[in-house]
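Residue numbering begins at 1 within each chain, and the chains themselves are lettered A, B, C and D in the order written.
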Amino acid sequence: MKMLINVAETVVGDALRGMAAAHPELVVDAENRVIVRRDAPVAEKVALVSGGGSGHEPLHGGFVGPGMLDAACPGEVFTSPVPDQMVRAAAAVDSGSGVLFVVKNYTGDVLNFRMAVELAEDEGVQVASVLVDDDVAVTDSTFTAGRRGTGATLFVEKIAGAAAEEGMPLDRVAAVARQVVGSSRSFGVALSACSTPAKGGPTFELPSCELELGVGIHGEPGRERRAMMTSHEIADFAVDAILADLRPQLPVLVLVNGMGATPLLELYGFNAEVRRVLDERGVDVARTLVGNYVTSLDMAGCSVTLCQVDGELLRLWDAPVQTAALRWGR
Amino acid sequence: MNDMKESRAVPEAVLDAAFFVRWMAAAAAVIDREADRLTELDSPIGDADHGRNMQRGFAAVRKVLEAEPPATPGAVLVAAGRQLISSVGGASGPLYGTLLRRAGKTLGEAPEVSAAELRSGLSAGVDAVAQLGASAPGDKTMLDALVPAVAALETSFGAAAAAAEEGALATVPMQARKGRASYLGERSIGHQDPGATSSALLFAALAEVAG
Amino acid sequence: MKMLINVAETVVGDALRGMAAAHPELVVDAENRVIVRRDAPVAEKVALVSGGGSGHEPLHGGFVGPGMLDAACPGEVFTSPVPDQMVRAAAAVDSGSGVLFVVKNYTGDVLNFRMAVELAEDEGVQVASVLVDDDVAVTDSTFTAGRRGTGATLFVEKIAGAAAEEGMPLDRVAAVARQVVGSSRSFGVALSACSTPAKGGPTFELPSCELELGVGIHGEPGRERRAMMTSHEIADFAVDAILADLRPQLPVLVLVNGMGATPLLELYGFNAEVRRVLDERGVDVARTLVGNYVTSLDMAGCSVTLCQVDGELLRLWDAPVQTAALRWGR
Amino acid sequence: MNDMKESRAVPEAVLDAAFFVRWMAAAAAVIDREADRLTELDSPIGDADHGRNMQRGFAAVRKVLEAEPPATPGAVLVAAGRQLISSVGGASGPLYGTLLRRAGKTLGEAPEVSAAELRSGLSAGVDAVAQLGASAPGDKTMLDALVPAVAALETSFGAAAAAAEEGALATVPMQARKGRASYLGERSIGHQDPGATSSALLFAALAEVAG
């Protein structure tokens, strides 16, 4: 599998140097692997720190900036960052108002962030954590590591980021973040596996006539393999899987997210189908975001995330944001 | 690895800090050799990074132990564990880091330890892994190699290595209940757990340096 | 080749319906295939219209909005739109101050836009056109259809869009656009072919150990096939190909553009190499943009575009823009 | 298509609007059948859309001619040409559109035309294509089929079809100097031009309805 890289070993460091070159508004410490907004710590503001394995770009580094994250810690490809990064990030952004860790629910992320909480608190930083676990493809959660964190991470980081920007205290910001988690559900499909630099080839084999239903964002196979489906059928399947778990009473934010290699042309076409199903099921759409936001390297496929929002969450979603990957408002 | 079963029983052995440094170096070497296999195993039921993770971690361990060799067995394991936590990430970093750190702390500050003491240390370490991971044998994780290995350490290092290897193989028919593989549900059946496999390598390295 | 579509025939129309659902700030006429900013025509403002084959998203539809295009006309995949679309778009956005057509240099685009100019002028719209031809991979231009228009299109649309927003008259806006074209050069490489819905499979075969140097954005093979190169080597090759043709005396805007399937992680790593070569060659970088902006469906690969800018062009680049794919400022 | 050479010479034929509608319908049919091949040809040296482009265009032509059949040969070709321009896009839309429109305009408003008049009309159309495309025979374009076909029309419809087919085949060794294929430089050599191939199909359809 060809990649636009030098060697697998330096992929993450190289990307951070390239990010530093492109984004003077960020402080990118390529050696210690921490991306911090340049004006941090922001006085009187709760700071948001997230992180996770690399390979999901723009998540999380592309979401650092006013209105969203204060810092991000990228790990190796598909590998949780280490506690040292998180502690360093927390120290860099804490204004004294405390730090919220946004953690996607994977054993590695959970364990490393848990250690970081202890270490950061030892250093006198007040820390709260929120666990994102939105993927309805993972069932039987009491007997497993629980639901994965996927697309809802974007909603959590954006909305909690806006809450922090407004000056809410740590417990309120954490509560808003948890409300978003509780209101969000995702479902993903893969049309191809992805190739990690370390492996140098596809993480699994998928025949040209089949797709994987219920995949995560780390190149794992899904819960089920089926004969290839149309965009119409996939939208039905994904949305119904979500609605079976959470039937929104309020309007929803919709994220039609590309896994990395699916053309935007196809994602927009898929969004037409997602909107059709939601209309058919009587679910109101408040806002829609279409694009590659929570990716899986070069995987072809997509995920749908719905987040039901009250007036307050919608206001926070609409609030200004200025990051590399998400920008609006003033 | 079958010949390791022949390693002499060493309940009477006395192990110093240098022995533990050699163990870690041997572990780093065998993990280097087997990294691609570990990543391959992590591919159908995981995210294809376990080999690289372990390689990165043990390279860091080797480096720090060579630069500043600690004076006691306990200190070697604590330093190695801390290094794994600081350099691996993923699930395996905190878990293996905790295994070695807890084992090292249990060994205390003695300049030499017996094989029996090592066994209690590792046993405490394995308990800490189970607690941190909220996991148990049968979940298709590293514990399926670690638990039988520590039990067999009562007999010999070779027996421990063999038990770990057997434990790793025994994960094949299991359905994963923890870690990434659990997302696959029944589709996790039929694949060997990468973490159990790397645990077997650690015990193979131990038998090798004892041997 | 699997795609997230229903049938090849409806891909463009489906995408436009999905775009309409996601972007209430745009008027998307899926039937007539015209995307118009909702507040058009903007009084006293020259209007910018562009268009081209689909499959290059977010180009052009993602660049419609304040500070950039007033309308875009998407053709079939990799096929120029028809004159009727352009005339309809021009009529929808003309405030009486005239319309600038931004045309990428491909026979189809050139001929269809040429016909549209005649028809629009018949309807009383004042029209100017600018031809974008930045791809240095195409040489011998007197004996060929000339250089292709690729990545520089983004610079032209952004900068001329800002000029129009400032109230410059049509001839000035056209002159600014032509200055950007004259100051811009691009070079692209493919690590894989792309698959068009109509063909249903890759447009060419590329062995796993080779890459194509000097590709366009329509899935054509490049000028030369070589053994796979590192990110370092590709950056050297691409930047040197550009500098051999245009040696900037002023700072440059850099676009490190993904062809569609190359992960952002790799694009940022590649940007680190591009910056290294530019530093080595003594070229100053004013601004850098990294991402998938001028794509080729699911092609893996990238292109580099440099645009040398004086203070005026840089000011116009930095001016606010509010489109689906490019947003900054207020 | 060899049997078309046998088609009788038709300098004496008188062609009415219905004949031209039949021609366009036959063209639409043959292009439908050959669309995948045209797209295949457009793949190594183009952007893999020529078949779809032609298919979309001639489907639109057939539809408009069926809905409102024009009264004269000239009007049929003008309507067909306009329809191609409005529905194809790409390079082939304006070029084929111009070919038919100019031919139609040259035929004027006569209710019936002779084969010789058709030949002059198409000849004017081909000149317009060359002017619009700034191209000439030898550039590896549709002109390499169109120009010999129109010349051979002097003999018979079958001869024209055969000449177009030969002209299309003759593009294989050429290096493209116009259109997308020109970007490939020397790598365009060895492939048949898709536009020349579709031109051959149009003349095959003409021979078929004449024949």
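In the analysis below, a residue touches a chain if its C-beta (ideal position, glycine included) is under 8 Å from a C-beta of that chain, and two chains touch if they have at least 3 such contacts.
Predicted model only: the values in this text are computed from it and were never measured.
Asks: In how few steps can one go from chain B to chain C if every step must land on a touching chain?
Replies: The fewest touching-chain steps linking chain B to chain C number 2.
Asks: Provide the C-alpha centroid distance between chain C and chain D, rounded to the nearest whole angstrom.
Replies: Centre separation, chain C to chain D: 32 Å.
Asks: Counting in whole Å, what is the centre-to-centre distance of chain A and chain D, each centre being its mean C-alpha position?
Replies: 53
Asks: Roughly how far is chain B from chain D, centre to centre by C-alpha average, rounded to an integer in Å?
Replies: Centres of chain B and chain D (C-alpha means) sit 74 Å apart.
Asks: Among the residues of chain B, which ones contact at least 2 other chains?
Replies: Residues of chain B never touch two or more of the other chains.
Asks: Which positions in chain A touch two or more other chains at once?
Replies: 77
Asks: Please categorise the chain-chain contact pattern as a line, ring, star, complete graph or other.
Replies: Basically the chains just string along in a line.
Asks: Under the definition above, what is the set of chain A residues touching chain C in their complex?
Replies: It is residues 1-7, 10-12, 14-19, 21-22, 54-55, 57-58, 62, 77, 191-192, 208-209, 211, 228, 230-232, 234, 256, 260-275, 285, 288-290, 292, 295, 297-298, 300-302, 327-328, 330 of chain A that touch chain C.
Asks: Applying the document's contact rule, which stretches of chain B touch chain A when the two form their complex?
Replies: Residues 39-40, 43-49, 51-53, 56, 85-95, 132-133, 176-180, 182-185, 187 of chain B touch chain A in their complex.
Asks: Within their complex, state which residues of chain C touch chain D.
Replies: Answer in residue numbers: 8, 53, 75-84, 106-108, 111-112, 114-115, 137-140, 143-145, 148, 196, 198-199, 203-204, 216, 218-221, 223.
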